[in-house]
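Should a chain be cited, it is by its letter among A, B, C, D, E and F, assigned in written order, with residues numbered from 1 in that chain.
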């Protein structure tokens, strides 16, 4: 496919490698009494993330949208005795989300150029660490490798929130960490359980999701997971529930969402952007990549539940967003609503819904990211996020108001902007699946318009009542550059979504096909009796 | 007689256990533990008689050795504690909460 | 004429070397301390001697593990059986002892209790542990436990000017000797039921329906539960850990647990294999330990106490595979022991490195803002904490993964789920130190003390191994730890 | 005859043990009643044909270990437990109940009848039989016990020594 | 059973009823002789003083008629028990002392020891250990500073010397190959050519007259160092001068029995004096051949007399001779103790302890190994 | 062997009997004229100032501790001594190994002043 077979590995590991290199150099410098200037850290960090971005675009270019199988696959034994391999590959879904990640990272680094002043070295280190974690999560095709990246990314995120966040940062960081851990550890148990099932059926230890090209080793997607007539922990429902819990917390679905407003509000701008932009997507990605294909029957079983939760999320998120006085919290709750759409789309289990869902994830990443950046810029100037403190910002900051307006419109889902395409596809899929659900979901779109526009009006329009707002300076060059970089995809997706959809289409279809095949699987493929248990 | 001896050892062991758990005077607690060890020895001797196997008695010898070593160390600890705290009451001696 | 037994000294070489080392240290202490001046120099010599001794023993046991030749001291009447399990556990125990021994140098000097006896007792205790992990006879189990414990009681009270240290020693002593009495009574009852003290014979004669024998087995289990501080036999742990000098806490928290678990592993496997009910008993103990340990650890405000409760919880994790009893479960136990040792030793090493002018850094507040003052130490602490919490990329994750694998395989899934959930709780308190170090403002406490070279060695070793075992536990040709644990776990009994 | 001697000794042993555990006022008296208990246990050992153990029991337990206890009691010279009376009563009752329950439970789990004891070889329980076993089969235990004693010696000196030199 | 009771009564009567009163007299008289004075001679029965031999009787009468005072604050039970605990071990020790050999009359065997136990000597040590409690209890129960200090000293001294006492005679066990006291005595019922092994070593026949130089095969000749050490230990164990630091009048008034009067004191007093013949018995049995008659082994006597008067009579004569020999030796040992007691000044307490731990203990341990080496060497040479 | 044990029991009984007899006779024969001053603990003519309930020097403990440990050691020496000739050189070696730590322990006590009075 490409000249560089390990391009994907370079993409994933480049940020971490840079971080480690910086750390080593710093350690060496410290030991002889010196120190690496923090600007070097920042520069190299930005450089690394830009390089990653460039490499990712090479992936983008090299990706063949006509093929359905994984591309850029690399499969290297890592811990063979446990069936853990370095197994990465891309399909359209991963490609989009990786692209989003690689794109947001330099943007965020530039955006936080002035915000982060103390412990800059640590900040750069954790950002790069985080980038590797995120990229690795989206590319992993070995379940344990996925788990490793999934958890690994938590650590830098916790530090980003906890060290550089707002006044209640520690509470928010711990809450974020604990919520995520609950789900992921249960997922680990389920993961081990399915690996055992696999081992009993095939006699091989393997955590690979699918068999890599050129190999005959059966992988987890070949495993028969019973629906009934088995110990409870071997049934699809329970295993799916364990996976779903982890992903639902991350998404987040409504009863499990409480960590999100806190984390978003307390995190520094960059953290919020990455949380909203990338981390939340991992939940959705996890459903699509692992939970649905592995346990299709259970997934179907659970559809009503998830529809319900998604609808509740949409409505609840919107309603709560409406009463927020803190802009950042408002956006955070709007994320809950948006991600409700994403979940909804996913569980329609049809092509439109799934495509819309993935696209909406990207959209949300960009628009909400942009919103957080904008709020951050405001915060840098006023050191408050209370809506009531603002009003009439349009006068001192016209450029800001304009861009803010575009982004708000995108978030609402105005046609020709990116939000529209995603939401439209999702609603399409939903109506196909269940008209009632679709109707209620549409209500959510309206609500989104209400709270977003209301918020925009209160901040941007009206007279400048607060004297402090009078002297506000409009966006500087760096800030403009950042925002413009974000506006490009907003318009691109809105105007020409085909660029993205054509890459998504085969992958989504393949996912649905796999689900169908596995639903029809009714017995273990190789009737091998379980090994005699050696008991003491 | 073996059976009776084992019963006796069980009774002594129970008494010792209760003493170690209930009493609060460190020295009495240590003595109760000694009593438990004695009950062990009695059981071992009885069983060694039962099986006509001197191995049990070798074990008793080792228990005696250990009892001696434990007494030396345990009372040394009591003395060093007493120097600093002037109490033998386990509950009074509680800078550290249980 | 009495038949003179044939003795194979090679089988007790580790113990012998350790004893010799202890003698050398003790005579060194006598000889050097009479000189009066040059006391600190004397200390370094003694650290060197004991370090060299422990290193030698590690080399011997590792060599034994590689050669995989089982040996017995007295083949006609084996009390020790050195197979791969024994070699593996011994090298683990002695390795951990080596690391904690290196930690003592700087620490004891800061506390002004740098006496040579410390090293002598440490070596003797280690000798006891080696005996314990090689034991295949109740007699040697008992002697091993005692030789391990008695020096430890003393070490816990080593800082005898401090009431806390005295109390720690006293509590440890009472709990320990009480446990020994229970253990012994159990041994006596099992001996009464089977007429044997040798594991293999017991296994052959043990009748699971014999109530007396079962009481004995239960009491033995309780005795070990005390040693590994499993709930409900854990009450002594936090106090003892907190009160003892940190270097001692490091030593006993790690090595005792290693040795006791390794011995328990062997006893359950080779002597009580017939007792099916043990699995569920152990499972119950595991469940309680995990819950209580993790919950109690949350409310501590002292780092040592927190680590003590966490050690109780970790004992619970270790009991999970132990209750499963399969070969892979035994391997998981051994692997997790390595993980446990590294994480705890590392954490204690950081605490020790921060001890300054007789003041220990054992409260969470002492760590506030440490990251800016001692970035290296803080980073190391974070690494050890996330390893103990079981975050991927560290050894702790691999350990938990292995336990999950074993538990799920052995139909212990509820236990695995409980372990997962309680691990989440543990994350909360493990995170407290990183939070204090990175996210809170500086405390008044001066953290400055030159890092002792030996402390650096320990920290670096632990950190490197935590990462290596977390990322490449079985990949490197020279460090296939998982393979080793399997080889050790499947080493079979002699007869 | 032997049975009656056995029962007499048992009675003394139990009484001595109870006296030790229940004497809350005078630690010296508690220790002395434990001595009585131990001496009669020595007699029981002899009845069980563990002759050497019997005399060693008296030599070491009664004659040495308990002496150390007495020394320490007198050294610290504490006559009373320093323990409130009400609490004392509660503890006593609790202890008694616990003890009776424990003993009954433990005894109940023992087999009702032991099989007839095996025939004893010549010289069983004498120093020769025991010594041969100790110095050949169990020579390791013998050697290790000296390490145990060494650590106890070192430990006791460290803990009790007056000055921190 | 009857046999045991008779043997028991015999030894208790001889030692307690016969020797003990005599010793109290001898003590006074011997000291007087050694200090060149007359000594106690005032007790008279209607003018008859018989060299002061009535003093023991007077002593007993006096002790019985004194008031029994228990000081305030004393623990009455322990105060009463202490003298009992002090005297019982001294008497019980007699159970394992062989005051004669083993004699066969017809089919029946008469073994002149109350209890011929496998671990006789260990029993002596064990019982000696119990004696410590007497002193401890007395001091504790008296509620008196001097008593308490005295009892602590007494106990510390007794336990210290108990250890070294044990070590000092391990060499003997190695030679005798037994722990049984009768067997030890029987082992010594022989003699050896003093220069025999030199002859053997050098492989030159020595002149015949040198071959006649024989020594009884007694412990004292085989283990001279052991004997000295043991003697010191056992005397210190008895706390009599020169090892009477626990009751040193000049420092502690009277030590642990300060608060005792009347027969309660009498029992302590009796115990201490009873120890003297008991020690004599032990020393005799261990080091001086017990009941044996030097150069005249039992077979020789029985063979010699039996030739004329029949085996049974000969054995009877032998028995009587042996018992007399034993008592004579014991008397000699008593004299030895008296002589030492009145010759040596009292040790300071620190000297007492130093002597025990720093001199006797190392020496006796060394003695064990040297003895072992020599035995091995001799066995190799002989083999 | 048990028969021999009966001898010991009998002599024990006899000894107790003698002691009891002495005390009972004394009780019967002695006068009883008590008054408070007489019953005061003897203190060389002074009234008791220092209660005997004070602490002693730790040296006593150290001696007792040494005693108990060496007593246990001696416990092994007795049967060993009696068996020595049967064990031969092996026995000597075994005991030498056993004694090394103990002699070292003794030296340690010595040097550390635990034996100083």
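Points to keep in mind about this one:
Simple rule for what comes next: contacts are C-beta pairs under 8 Å (C-beta built on N, C-alpha and C of every residue); 3 or more make two chains touch, one makes a residue touch a chain.
Please read all numbers here as calculations on a predicted model, not as lab measurements.
Any chain touching chain D that also touches chain E appears here: F. Comparing chain pairs E-F and D-F, the larger number of C-beta contacts belongs to E-F. Most remote chain with respect to chain A, judged by CA-atom centres, is E. Annotation: 69 Å between the Cα-based centres of chain A and chain D.
Taking each chain's centre as the average of its CA atoms, chain B and chain F sit 20 Å apart. Each chain gets a centre from the mean of its Cα atoms; for chain A and chain C, those two points are 42 Å apart.
Per-chain Cα centroids separate chain A from chain E by 95 Å. Contact with two or more other chains is made by residues 1, 5, 52, 56, 58, 60-61, 64-69, 71-72, 75-76, 78-80, 82-83, 86-88, 91, 99-101, 104, 108-109, 112 of chain F.
Of all residues in chain B, those touching 2 or more other chains are 6, 13, 16-17, 30, 46, 50-51, 55, 58, 61-62, 64-66, 68-73, 75-80, listed in ascending order.
Within chain D, residues 2, 47, 49, 51-52, 56, 59-60, 63-65, 67-68, 71-72, 74-76, 106, 110-111, 125-127, 130, 132, 134-135, 137-139, 141, 145, 147-160 each touch two or more of the remaining chains.
The full set of touching chain pairs reads A-C, B-C, B-D, B-F, C-D, C-F, D-E, D-F, E-F. Residues of chain D that touch chain E in their complex: 26, 28-29, 32, 35, 39, 42, 51-52, 55-56, 58-59, 62-64, 67, 70-71, 74, 126-127. By the touch rule above, chain C contacts chain D in their complex via residues 2-5, 7, 12, 15, 19, 22, 26, 33, 73-74, 76-77, 79-80, 113, 115, 117, 120-121, 124-125, 127-128, 131, 139-140, 143, 146-147, 150-151, 153-154, 157-158, 160-161, 169, 210-212, 214-215. Put simply, chain F touches chain D in their complex at residues 1-2, 5, 9, 52-56, 58, 60-62, 64-69, 71-73, 75-76, 78-80, 82-83, 86-87, 91, 94, 97-102, 104-105, 108-109, 112-114. Residue ranges on chain D touching chain B, taken from their complex, read 2-3, 6-7, 10, 13-14, 17-18, 20-21, 24, 27, 30-31, 34, 37-38, 41, 44-45, 47-50, 52-53, 56-57, 60-61, 64-66, 68-69, 72-73, 75-76, 78, 81-83, 91-92, 94-96, 98-99, 102-103, 106-107, 110-111, 113-115, 117-121, 124-125, 129-130, 133-134, 137-138, 141, 145, 148-149, 151-153, 155-160. The touching residues of chain A, when paired with chain C in their complex, are 27, 30, 77-82, 119, 122, 144, 147-152, 154-155, 158-159, 162-163, 169-170, 173-174, 177-178, 181-182, 185-186, 188-189, 192-193, 195-196, 231, 233, 533-536.
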